[in-house]
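Here chain A shows up in two complexes: once beside chain B, once beside chain C.
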Partner chain A sequence: MATHDNTEHVSDATDEAVGWESKLQYFLNSDFVRSAPYWGIPFVLMSIAVYGGIGYNFAISFTDYEGLGTPDYSVLDLEMYAQALSSDAFIAAAQNNLVLLVGFTTICLVLGLFLAILLDHGIRFSEKFQTVYLLPMSLSFVVTAQLWLWMFNVESGILNLVVTTLGFNPVDWLGNPSIALGAVIFALIWQFSGYTMVVYLAGLQSIPDDQFEAARVDGASITRTYLRIIVPQLKEASVSAAVVLMVFALKAFTFLYALVGRYRPPNGTDILATLMVRRAFKFGEWAYSAAIATMLLIMALGVIGPYLYYQYKQGSL
Partner chain B sequence: MSQSSSTGSFDVASLVEDVNLRRVAQYALVVFFLGFFLVPLETGIMTAIKTNESVARSLPFAPPVGEGFTLGNIQFALEQLSGSFFNSLIMSIPATIGSVLFGSMAAYGLTMVNWRAQMGVLMLFVVGVFVPYQAVLVPLARFWNNIFPLARMIEPMVASIPFFQGYHAELVPLVITHIAYGIPICTILFRSYYQSLPNSLVEAGKIDGASITKIYRRIILPISKPMFGVVFIYQFTQIYNEFLFAFTLVTGSDAPAAPVTLVLPAIGASTSGIDFGIRMSAAFLAAVPTLILYVAFAEQFAKGLRTEA
Partner chain C sequence: MAEHGCSDESVNRRKYLKALSVGAAAGLAGCTGGGGSETEATESGSGSDGSGGDTETGGDNSGSTWDSELEVLHGWAGGDGEAAVTALIEAFEEEHPEMDTNFQAVGASANVNLNATILRRLANNNPMSSFANWPGKNLERYSGALMDLEADVWDAEGFKDTMQSRAVELCKFNDKMPAVPIGSHRMNNLFYNTAVFEEAGIDASSLDSVDALLDALETIDQNTDVTPMAQAMVAPWTNLQLWAQILTSQSGVEAYMNFIEGNPDRAAVVEALEALKTINENYITADASSISFTTAGQKVISGKAATIHQGNWVYGMFRADDSFNYKEQWDWIPFPGTEGIYFYHVDSIVAPSNNPSREETVAWQKFVGSKKAQIAFNNPKGSVPLRTDIDPSELTDFLAMTYEDLTDSEAYPPTIAHGLAVTPKTMGACKTAFGDNFMGPFKVEATADALIEAVSE
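Our next item is the complex of A and B:
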């Protein structure tokens, strides 16, 4: 609408500089300007929220802001980053985060690929099964955390029922710091492997059937066919699923919070995201937690940067 | 299984047996994983409808028998959650509509036209999908609490709306926050759909002299109805299930404006531990809206996830 007003305004001044005027008119009639109200409004809103937020967070991380009151921008330094990098809690959280990221992503990809291959060929009602496998993804982390809290229960949880039936002593899944992170990864795999399955199934379905046929005619076994011919073609699906999973592993907060209902997750499962939220909203150490958040953001960008560059080069964006 | 083919002994009987064995194994695995995905849910439901005594005595996944059956837990959980259900819905629905509409508009503006810096703008949207929300939490809390305390400003206005209380004003910043941070993913989802549309649709409109707005309203909106379904379901599920923004902006699980996800981790807990009958009941009640959507529109939900990747 604003474009119309502008064009009229311009045509009033026609007799002066024709070249300049027609250039402007051309510009105002260009798709860029005419489509601007469409992408412009969401873009501004999104930019303020995302990039404004990031910038503000960045600024706060250089101050010493904590508690009530307002941040003081007169002294800006990297003190909070130095403090974080030298604190044991941060290093422990970073280590846990790395274990979570690698373990969760790898197992999710492998299990999802396995499920996709399992359901890809020769299963009746395959779609019904897919629906069930994907169901946990439709639930909130708050809900799944409650379900797994009960599964992991020491006295009457199912996992200990299995363990004791097999003749072992009951395990304190979430109470034992050396097991807790593994237990959390297990529960998250339960929730996410349906997702990787769906991504892989889409990849599998784009591979023409005659490749299976050709391999079969050549006498290759099903296992060999998949390992040698099919799986290598799923590289793109693997990469994009891995990116989503890794970014999730970096920001996973809700599941850990909801397991215990407090800022400190079970011992041995503290990750950067939980550390950041706890420092900010329990202790009011705004600058310190903003510094952790910035580092978290850099790690996430480290994951998605190469991916987007690769996608851009491929022309698939 | 691969041995029979590599040894080269090719009699029909062994081939049939081989195929059958493989299929049996395949189905056995399918059923095993069916169990893997359903056991936590089934156990939760069974625990929700058992009395405390029955929970302590019976196997966790066994259905309640005789006097062990109760609806008391669900009733109690429903009473505890009813207010927060209302909060969750009046927060999620406008937030979903807002982000889906903005996403569609942005995707239209970015696909249907060509200009030079388009890729740069698009990149900013894509990165916005992946940004960990922790990186904006401190600014978000400061913005809505100190810099622009919208909730406090509109509280009297909200209180005068029928069925609403003053505290519901706290949900307005939450809705705006969800819209703003939901725009990137909605844009990407719509963009992938608009790119799959034939160019001739828009070209024809342009030749007829239709304005950009007219093309959007008359051509694009009507044919993108299925995609609206996909994005709406995806986005509603995300926002309804979301926890971190609500946790940051609506402080405390006992706040009257708290949505369901905020209340759930505190339900049924006392000094003597967690009452799992109540906790499981609450978990299922909280999941009901998204479960219904998922069961009814599983294909759309899967499509949303696929497109995201």
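Our next item is the complex of A and C:
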């Protein structure tokens, strides 16, 4: 019935109408529209959930929103950013964040590479060792934080048991502000060096044995072989592992929160994420926290940006 | 061939999509239609119910029926707090068996999660019926989102006459009365392990000043293997709390009141910090910086530490251990130099405005202020009721003594570390003062500066 109507209509219509109709037909048949259900839905969901959230955070950071009530968008300025940048607490937290980022990532990479090279030499039970090293990564931060809290205890912790057996004075790992950040980084390295090891091991195993043999025939020492031939080929693995580690460093909030069960981490380990949550959910300073969050986002983009650019240059993006 | 197959497939896909959208449209229409007719049915149904026998029998059973669920958030998730809130809920459900209730314990560590959850829900305009929180200046946190219970609860039940006058004052906020007090902990305590004091040869009753306390701690350090004092420094509030006691003991209640009112005396602040520094450097356990007050309390029970200063929630903890009894294994004195003073702490139940269950909330808040509720809650909690008409024999020995002190002490300074004395922001700044400068190394001058700046703002 409907088809019949349609045919009548088309035969009666002017050229112009036909042109318009077929254009629409053409448009509806295009790949763009036909594929819309597949990319459109995720696109809309992502826009609302992720980019909408970021945009809202951005908008709030320009207001003076505080306490209960609704934000007032009539006066928008950068006051919160200025306030944060001139605050000692913010500077200290940003510094700690940077130290955590650089220290944790570097040591994890070096240690992971070292372990990977050892395992690559085909030692006995290497698969089992691999599992042992990787296992901490599968544990939740909540579990590892509690574990380390016990190990860091000044009186009964295992670390001080070792330290005192060696004849030194017990160390107040988490209580001494100049050591606390180091202790936290140490615990995080324990958890994540296994991951770098696995990434490097995969890289190492993809390098053909001929290269080792050729180097040996040429009389290169083992150190030289690794430094000049093998390690340079692990660039890809290093970059991808570094990015994952840095993102974890920015997310260290979970570990710190689980360590003490409150928003104020041990003295000297305050990072931007803990500062932000504390200002927001303890004091209701939404605008100020939003400004911190934006700067944290910029920091994270600063980490990811070069990686994306690198990938783009390599043609894999 | 391939092309043909492809177009064929695309036709199929298009048909499929069309069918899907038609189906969805039909479904949507069906739903709305169904919804509409359903609403009608319910309306007419309830109409007929109303005239039928069902509601009548309901009316016979009790005078009131409850429409909404009572949702109460609190932070008593473990130990004595959990036992206390369970007793309170049981007593309430006995009173109102037909009400739908939902009591939620949010987190355990010093209300951090509880306060964050409340703030988030109030900011999202998703209020609960009531929540547990400190009254006084602490209510500043929820400014503009609090319900007024003055007429419906305070006046209706005559609580203004039966509650302690200073508790009544603390429950007033911006000309409203959004809270009903449930219990009070005394803050100026010194709990000690009697065996250790005996071994060191210390007479607790002779401790009447901070200097006497420092001497006693030194004696314990010299004469026994026990650490003189247990202190928990995983969070800065314990230092703030102990410092406030030392300040009051050394320079008097007036100095403390001046401090919280924003007129600090720097010399007094520094003197108290010096004494606290002496204690923290010499007489506390080495792991203080990584333990909480519950672990610190355990050290007194196990005889590893001689004394502890804390709110008397520690009593709730001591009592849980059957082999550690009041007057036998442990004893109590007011913090040296603060005799005759009751350092005031109040827990209360607060109602937010825009309340989802007005009637139920009023009934619940009335219950919270009742004798039955205050006795049921406070005995297991280790705190004391704020009503003035409780028979002390209804309380345990230790609490009966505390209750008598609550009703006749010379001064009742409000606690600074627990929300009553200063706004949450100032309290946060005071904690930060200790957190940043007084966790070891102990910087007296820097801490004093930060404290004075915090209250002077």
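In this section, the second predicted complex is superposed on the first by the 279 of 317 C-alpha atoms of A that agree within 3 Å, B and C clash if a C-alpha of one lies under 4 Å from a C-alpha of the other, contacts with A are read in each partner's own complex, and residues count from 1 in each chain.
Criterion: a residue touches a chain if its C-beta (ideal position, glycine included) is under 8 Å from a C-beta of that chain, and two chains touch if they have at least 3 such contacts.
All figures in this text were calculated on a predicted structure; none of them were measured in a lab.
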Superposition on chain A - do chain B and chain C clash or fit: clash
Touching partner for A:I123 - first (chain B), second (chain C), both, neither: first
Which of chain B and chain C A:L174 touches, first, second, both or neither: second
Partner chain(s) touched by A:G103 [first = chain B, second = chain C, both, neither]: neither
Touched chain A residues, chain B compared with chain C: B
Partner chain in contact with A:G112 - chain B first, chain C second, else both or neither: neither
First (chain B), second (chain C), both or neither touched by A:G261: both
Partner chain in contact with A:S156 - chain B first, chain C second, else both or neither: both
Partner chain(s) touched by A:R34 [first = chain B, second = chain C, both, neither]: both
First, second, both or neither for A:W286, with chain B first and chain C second: both
Interface residues of chain A shared between complexes with chain B and chain C: 34, 37, 149, 153, 156-157, 260-261, 281, 286
Touch list for chain C against partner chain A, complex: 10, 13-14, 17, 108-110, 112, 115-116, 119-120, 122-123, 141-145, 233-236, 285-292, 424-425, 428, 431-432, 435-436, 439-440
Complex contacts: residues of chain B adjacent to chain A: 1-2, 5-6, 22-23, 26-27, 29-30, 33-34, 36-41, 43-44, 47, 55-56, 59-61, 102-103, 105-106, 108-110, 112-116, 119, 121-128, 130-143, 146, 177, 179-181, 183-184, 187, 211-212, 216, 237, 240-244, 247-248, 253, 261, 264-266, 269, 274, 276, 279-280, 282-284, 286-287, 290-291, 293-294, 298, 301-302, 305-306, 308-309
Footprint of chain C on chain A - complex, ascending: 34, 37, 67-69, 89, 149, 152-157, 170, 172-177, 260-264, 266-267, 281-284, 286
Chain B-touching residues of chain A, taken from the complex the two chains share: 30-32, 34-43, 45-54, 56-57, 60, 70, 115, 118-119, 122-123, 129-151, 153, 156-158, 161, 190, 194-195, 198-199, 202, 219, 221-224, 237, 240-241, 243-244, 247, 250-251, 253-254, 257-258, 260-261, 272-273, 276-277, 280-281, 286, 289-290, 292-294, 296-297, 300-301, 303-304, 308, 312, 317
